[in-house]
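By written order: A, B, C, D and E. Residues from 1 in each chain.
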Amino acid sequence: MIEVVNLRKYFLVRSSGIWGRKKILRAVDGISFSTKIGETLAIVGESGSGKSTLVRCINGLVQPTSGEIYLDGVKVNGLKGEQYRQKVSRKIQMVFQDPVTSLNPRMKVLEIVSEPLMVHTRFSSIDRKGMVLELLERVGLNEKHMYKYPGELSGGQCQRVAIARALSIKPGALILDEPTASLDVSVQAQVIDLLMQLQNEFDLTYLFVSHDISVVRSISHRTMVMYLGKVMELGPTEEVIDNPLHPYTEILISSIFVPDPNIPLFRPRVQGEPSDPVELLSGCLFRTRCPIAENICSKHDMSLKQVKDNRFSACWKS
Amino acid sequence: MNWLRYSVSRLISSLIVIFGVILVVYVISAVVPSDPAALWVGPHPTYSALQNAREKLKLDLPLFERFFYFFKDLLRGDLGISIRTHNPVSQDIFKAFGATFELILFSEFLAIIIGIILGVYAGVYQNKLPDSINRIFAVAGVSLPGFWFGMILQLIFFKYLGILPLSDRIDIVVSLTNPFKEITGFYLIDTLIDRNIPAFVDVLKHLILPAITLSVYPIGLITRQVRSMMIEVLNENYIRTSIAYGIPKRKIYFQYALKNAIAPAMVTVALSFAYTLVGAFLVELIFNWPGLGRYAANSILSMDYPAIVGVTLVVSITYVLINFVVDILQAKIDPRIKY
Amino acid sequence: MKKLVEFESYSLTFATLSGKIKVLENVSFSINHNEVFALVGETGCGKTVTAISILNLLPVNAIRSGRIFFNGTEIDDKTVELIRGRDVAMIFQDPTSSLNPLYTVEKQLMDILVTRQHMSKKEAGLKMPELLKQVQLYDVDRILKSYPHELSGGMRQRIMIAMALACKPKLLIADEPTTALDVTVQRQILYLIAQIKEKNQLSILFITHDMGIVAQIADRVGVMYAGMMVEIAPKKTIFEKPLHPYTAGLMSCIFNPKKKTRPKPIAGSVPSFNSFSNECRFHSRCGISRKICSEISPELVEIEPGHLVACHACGGVRDD
Amino acid sequence: MDSILVLKVALKKPTALFSVVVIALTLFMAIFAPFITPYKDQALGEPNLSERLQPPGGKHILGTDHMGRDILSRIIYGSRTSLLVGITVVTFSGLIGMIVGIAAGYFGGIVDNLLMRFTDIFLAFPPLLLALLIASTLGKGLGNAVLALVITWWPWYARLSRSQVLSIKTLAYVEAARSAGVSNFMIMIRHIFPNCVTPVLVQATMDMGSAILEAAALSFLGLGVQPPAPDWGLMISEGKNYFLNYWWVPTFPGLFIFLLVMSFNLLGDVLREILDPRLRRRFFL
Amino acid sequence: VVIYAFGSEMITLDPSTEFSNSIVVLNNVYETLTMYADGKLVPVLATEWKSNDSGTEWVFKLRKNVKFHDGTELTSQSVKYSIYRCINLAGGPSYIWDSVESIETPDKYTVVFKLKYPANIPLIAASGYGAFIFSEKVSQIGNDQVITDWFNSGNEAGSGPYVLAKYDPKTQIVLRKFDDYWGGWNNKKFENAIIQIVPDPSLRSQMVTSGKAHITRDLIYDDLKKLENNPNVIVKKKPSYQVLYLFFNTKKPPFNNKDFRKAVAYALPYDDILKYVLLGYGTRPNGIIPKGMVAHADHLEPLVQDLNKADNFLSKSGLNLKSFRVLLTYMQSDEGEKKTAELIWSSLKKLGIDTEIRPMNWEQQWALARSDPSQAQDMFIMYWWPTVMTPYDFLYSMFHTEDQVLFNLSYYYNDKVDELMDRAVTLEGINLKKAEEFYRMVETLLREDMPAIPLYQIDEVYVLHKSIKGFESNPAYPNVVFFYNLETNF
């Protein structure tokens, strides 16, 4: 369904100093992966690791610096206008993190959900209304909500509207950029539940961006761990979580607080924060924080290697 | 370092803007549907006198060439010759500058002091009585037609109370009986340098009404801006932090909040400078103040385009420079500003 | 054990453009010496306003009723001045906006030490490196000279903690101190807070909605729902034998990284505050609501020692 | 926030109520001028030389001017020009400014740079100065004065709407529309424009006052409305030669300008305070 | 000290080119060969003069022992230098010397003017502009431009009773007595004179009543009426030679229609204009030439408002009033023009003519008038006053055929009129009677064709503080106060 080959996205940023030379920020640095239809691929990593940039490249909101993106086997990067509408937005839609800002506060739910329909189809407004109602009901809302403004809805309801909008033109894949990060626990559960149902029903492919590994475990089939624009580990979710190959994955997972009162608070396995993506090091990017780093890590190539049949890791030790 | 880079880049963009300003002003003034030659020669000229004037003023050259000459002269600080007064414009402006700047600086000084005090006060007592009174005053300040307000003040303080002079910078009699040397062009300072107290008092009396007239608008503007900046800042989380840590109120208002509020409010101060620069045009007319404004208004009314260009340039460049200084100061106050 | 903080049927109403809304209803609980009391609940249920009530940092449009005691004295406009920055210190959710952007770290720490601890500048200068080391910041000179925006999120939160430590408080209020941070950093900060608590023998009012954090750091837990305290119990009880249907629902919503679960969400969403009259605020989403639930707001009652629940269905009866 | 609520809240404030009343009365005067004016001919400029410079009272409630014309009548008719100037200046500069600002903000890059450098040049003039320059070049007259004001004002709206757009365009709903394939033009129309209208509107309310004030200043300098047409600024200007001995000639028109301008400013202030959450105080000190 | 509160700023100060306000200063600092007073010529620097029979050569004898302020003596060389400088610089007033072919200086005190065509040189030499005599020594300063700059920065080289002590053209000009003045001094005269620039008329009036100034003019007429009853001041009025004319655009419909012009002429409220615009401080000349000047049109009656006649002419014109709108321009800075325009507007409205009155500044409206008659304004009001005190100055400038429009703003071309004027002017110096006759014939023709009509002739009104004696205004030198003639009362 989605295939990404050696994707890079560099930003130019200005650094300090009188004449401030421009420097390169490697937000996404040579990433390749592919997904199957009906599969959920989770992308996890700390903030700034390039998750959003990656998925925004895929649906064309950001122009990648290099690399190729294929949707259903068609190369889609750099498309514009009608081409873009046909080959990208019909196939892949996005749900954003913040339910409040992802809906135009001056449009009614009906208008919001029917906007993609207006762009992509020629249905009459009555037909569209019917379709919108159907969609709303599918995501657990009803006719009442059709004439409300986003400001009158709760966060969870807003996120449902956003999902309905994404589904309105029946895309094959959804990009979910932390769709539950700003929701409450109880609402988060509702939305995840809904997403799982929808996937079953429409055979959707999900790119699920998150930094909450607990949620990832419940929803995704495979997981990709990113750090400073590079993939650290890729593999089936359960295996990655239960038996991480890369020390970074291991640390990420050990940092999670398990909701179990019997586990006492233990000392953090890692210190410091991710280094500045502008001043990248040679060799393994994680070695400055890695508990098992050795001198040789600074020279070692850190491209993703296949370790077992479906497991990949970028650590030479694994 | 950052600060220096910011200053340099702002300076460059200011220069570009100034060039644009020059171009715009020149083009606007050059398409004037009037005959500068007629102004140059005065009333009832002969035809040949007009023709001579046209040649002298290079009116027969194409606009582009005229701009070229104009710009070349400008780089040497030469603004051309006023068609109305036949003096070099730069000289006219230089003479008028002192009078105007004395008035503007005095009013702006009043405005900044009063505006900040009222603004902080109103911001701290948001929606309480002092705030409401303040706000009505501030709004009234920005709503008064200065040219009208000046007349009303003249009516009250000159005609009815008889305690302040009607107009001019100094009384003729005082200037004759207590002459002083013009050094800075600021009479207040000149009289002081001369230790000429009667003249100083007279100058001050003459300054009061025009300065008040000119400062009501900036006072309103600054009060309003400082007030809303104060409110905004007092809502910030870091102020809440300071309160939570028990930092004394006075320190919070006048040190933390004011510093944070003043950086953005400085833009308003710059804006209010722009107002006084031009407000002086009207105020000087009413108070017969021999400054740039009166010169400008007369030039505009008689379409003396080198003078108009000159004054506009001087005023706009002053304004651009004030903005530049404000930006730099802001960057100095607020370490977050980068570009 | 003497109570450090005590809320006595504390209610809070906001006057807003669209009328008055009662955001806290009859909140009563207490925090003991040397314990971590975690306050959990969904967004907007009133955790923050409860916490800042202790320091009286409420907005001007707040109308309060009921009483709050600190160390036995009632907190009012006067007494609160005495405890701010001395007995009680607070760490906020968003360290970026909670530090003054125009002053260096040094100046901000110094002001607290000088004005609240009555140190001389010189003493304060000696104290500051020590404080920074306590929060595991070792590059002292650079950090002191830095402006907040030049530091990373984790460092800023450590600075906030250092500011709190500078006060030698008896109570530390931590309002979602790690929500804005990355997972790896979250654990560092929490571990730091826990260490400090052990070393300095202080009480912590810890606000969060992450049950994982509660599970690891809290001693006792208070669960809030729409401005009401619905259940208070020791941590273990909350996780293992929650009584209030809301708490129970909450527990079943939680994802666990150790097992693949299909969560069982609570239906519906939190109603808006202005729709409440005198009723159980949870009854519209409650699976076991009865008629009485829509008429009378349940009181918080102690069902077993240390376990308080506000639910008509559980009133006195233990039905697990 | 919905507009009814805003209105309701606003009208609870005495200042807002006051300004709404003044504005409504002025509007009434402007619309019904022919029916409520005591001396219509005089209002339109007909000299009435036998009653020159009469003090207020009696036949002429606010007195007469140097041509014997009834000042009240001229003030009533003058409200038309003032309101007209205010509305046209604000509308046109608002529209132009929004178009430029939205285009610059939305497209960014070179478009933004070009447009904004261009507006910067206009912003580098103190506004009234540029208006004076333009009005004197274009020639005297109301139309030219309005044009001059529009030329000096649109950059402010451009800047305001650009900054709005910059914050709106990063919001997820714009990205959502883009990824749904909505064209740039439609995004600007449907998503960006409606969301930057409110601040522009609030600004415009306040600017109504300033526009009226600046138009009056231009008239005062002889660059705006031309005699014998009735206009408040012009009346002050004409009264300038008489005010020391005949105080009422400039005083009343000035008072009307002041009240109207102040009303717009007060209203704008209240609206801004209601609509801008940052101006609502939250913490207790 | 005597203080003259004056309304306008000074501009230039070069005696050879000055054509504007500064004559107020110059006439006290410089002197001319002759002066014009009440229709007669008075000797000043020249003591006597005579011409040949054809009026093409004039001989002037100079006054002896006249000192310039720079110490040099008045000689025929300085006269020659001064007049040549005026001619060579070709500034505004240079045209008065147009007739001069050459100037000869046979001896130290004799000046001979050789002319291209007959002209009244003694009268020309009395002109308030361009006829000042100054020391030849200034030629040593540098080239013409340098000299001009030298003058404009507040220097002078005159022979008048006062020297320029301080020159601040926008605020104040201070004059101090010249000790060596040939006219001598007595202790009643003022040793210092100040020209204070006070643009605000109310303030000027305030200043004389309170004694802060002693002389002023150009007050608001309403204020003047009050001042007449004020015991502290004396209001002096006298007809000036300044007349306000209304020009009709005879090259463009509807004013190319003579009957229409007459209809408008009879519709105007002349009395109201005099009464309300000037509040009586003015008169009406019978024709174009102002009252008090040679060749005033005594044989004509002034125009009066007559609405019947106006209606008759209107119907005779056969124009459809609904089909056009006429434009009247006036100078915005002038109250009188403005009010007059409003009165014209209102009376034409009563006649059914839709008029737009548009204030413009002088250069703009003049530029418009000079552009293309078919695009120019329909009516134009303008003041005219003479440079040389001859009727020719009025009639020739405004009604003689011009190749390039300058001041014939009615675009009036009449060979008969041209010829009469051309002959009259050559006779002026030798046979004034005959010249006057020709001028009156021109007036008759102009009344018939009505290309322009005089609206009023303003009075020169000076307000003096009661402490001042000896003031006499001289309309040939508008605005000028000859401080030397004044004496103090105390």
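In this text, a contact is a pair of C-beta atoms (placed from the backbone, for glycine too) under 8 Å apart; a residue touches a chain by one contact, two chains touch by 3 or more.
According to UniProt, the chain labels map to these proteins: A, C = Oligopeptide/dipeptide ABC transporter, ATPase subunit; B, D = Binding-protein-dependent transport systems inner membrane component.
Note that the structure is predicted; figures quoted are calculated from it, not measured.
Counted as hops between touching chains, the shortest connection from chain A to chain E is 2.
Following the contact convention of this document, A, B is the list of chains adjacent to both chain C and chain D.
Two chain pairs are in question, B-C and A-C; the one with more C-beta pairs in contact is A-C.
Per-chain Cα centroids separate chain A from chain B by 55 Å. For the pair chain B and chain D, the distance between mean C-alpha positions equals 23 Å.
One inter-chain figure worth recording: chain B and chain E are separated by 39 Å, centre to centre, where each centre is the mean of the chain's CA atoms. Chain E has its Cα centroid 45 Å from the Cα centroid of chain D. Counting partner chains per residue, chain E shows two or more touched chains at residues 206, 332-333, 364.
Residue positions of chain B with contacts to 2 or more other chains are 33, 126, 166, 239-240, 243, 301, 303.
Multi-chain contact residues of chain C, defined as those touching 2 or more other chains: 57, 60.
If you check the complex, the residues on chain C that touch chain A are 42-43, 152-154, 182-188, 190-191, 194, 209-217, 235-236, 238-240, 249-250, 253-267, 269-270. On the chain D side of its complex with chain E, the touching residues are 45-47, 49, 52-53, 66-67, 139-141, 222, 226-228, 241-246. Every residue of chain D that touches chain C in the complex is listed here, in rising order: 1, 5, 9, 274, 281-284.
The residues of chain D lying in touch with chain A in their complex are 171-173, 175-183, 186, 190-191, 194-195. If you check the complex, the residues on chain A that touch chain D are 56, 59-61, 81, 84-85, 88-90, 92-94, 96-98, 101-107, 115-116, 119-120, 162, 165-166, 169.
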